[in-house]
Amino acid sequence: MAIVEVTIVPLGTGSTSISSYVAKCHRLLKEEKVKYQLTPMGTVFEGDLDEILMVIRKIHEVPFNEGAMRVSTSIKIDDRRDKKGSIEEKIKSVEDKLE
Amino acid sequence: MAIVEVTIVPLGTGSTSISSYVAKCHRLLKEEKVKYQLTPMGTVFEGDLDEILMVIRKIHEVPFNEGAMRVSTSIKIDDRRDKKGSIEEKIKSVEDKLE
Amino acid sequence: MAIVEVTIVPLGTGSTSISSYVAKCHRLLKEEKVKYQLTPMGTVFEGDLDEILMVIRKIHEVPFNEGAMRVSTSIKIDDRRDKKGSIEEKIKSVEDKLE
Amino acid sequence: MAIVEVTIVPLGTGSTSISSYVAKCHRLLKEEKVKYQLTPMGTVFEGDLDEILMVIRKIHEVPFNEGAMRVSTSIKIDDRRDKKGSIEEKIKSVEDKLE
């Protein structure tokens, strides 16, 4: 089970706003089966690593399809093989220790 | 106004779990004035960049205080000067475009 | 043409040293055709994005093959479509402006 | 001893090129005492963590001084307390294992 955060940023578009690109990525994600969650600094996926990387590869193209000529994409993989884990469990395991 | 994501990972601790370190960081954050939010892949701050960096510098020490001898900390700064912005607004500006 | 930096870090191995894992990744890279360069904070690739991601997927498994149970892999993609570009040219384009 | 990689990217500048910003950052670094090295994906520093973070805070402002209104800066800290370490030693410790 992998939990993966991705941030996709087009460079040189002439606008400081990137929400329209992120929204277009998320429209594409609605067609996909993988579990994901929007956060203030990226989109976090949970599931099979290869399925997630395939989806990320697709959304990496979105800014180019919208006319961008340079894209900076950062991917952070947290791949744990000693337990199944989930997005909710990662948060819960910290919050439980704060009670 | 800056929005900053930080991930703090101790290396070589002999355990795959890092939630206890994250929880200790968050106990320290409760004493600080800066706004923050736990996400599945890190902690996101919102506010004055210098205040945020000072708090991050403090929590970077937490794993060392718990006996770790090597810490990998990644900090991602989204610093926008053309509008005030907030964690909620970054999310809303994407979600509004998905309706 | 994409230039991609990857950092692969095993968690919970009980040792602060990760050079043996990096060396094993690089032994595997010697069998691959993709261009790469070791830097103090990762390995930088240059070439076709899909070929690079396939190689990264392979080396992401190396720490698991060595007994690690959790791996944090970060991938930073600089994908430029307005010019071919190269690792050397990215450095040169900065150094030329410093003369 | 910390080894830190920083990448500073202005958003919305209307040009895909960022080498002029990187060059201006490096002109500022020439006035500083900290050890640094340009790599294809960022600039790697070696030295006292607090000194390095102060210098990074300065160069984070460079794109704003050049008219950018949004800057994405990523900082990756490798902070090791069990040995002194250096940029060269990190590379050598991998290369020695490849002979």
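Before moving on, here are some points about what is shown:
All chains are identified by letter, namely A, B, C and D, in their written order; residue positions are counted from 1 within each chain.
Please note the rule applied: a residue touches a chain if its C-beta (ideal position, glycine included) is under 8 Å from a C-beta of that chain, and two chains touch if they have at least 3 such contacts.
The chain list, named the UniProt way, goes like this: A, B, C, D = MTH1187 family thiamine-binding protein.
Note that the coordinates shown come from a computational prediction; the quantities given were computed from them, not determined experimentally.
The minimum number of touch steps separating chain B from chain D is 1. Measuring from the averaged C-alpha position of chain A to that of chain C gives a distance of 20 Å.
Inter-chain centre distance (chain B to chain C, centres taken as mean C-alpha positions): 25 Å.
For this pair, chain C with chain D, the centres built from the Cα atoms lie 17 Å apart.
Residue positions of chain C touching 2 or more other chains, listed in rising order: 16-17, 69-70, 72, 74, 76, 78, 80, 82.
Because contacts link each chain to all the remaining chains, their graph is best described as complete.
Chain D contributes residues 9, 11-18, 69-70, 72, 74 to its touches with chain A in the complex.
Of all residues in chain B, only 49-50, 53, 57, 60, 64, 69-82 touch chain D in the complex they form.
Those residues of chain B lying in contact with chain A across their complex are 3, 5, 7, 16-17, 19-20, 22-23, 26-27, 37-42, 44, 46, 74, 76, 78, 80, 82, 87, 90-91, 93-95, 97-98.
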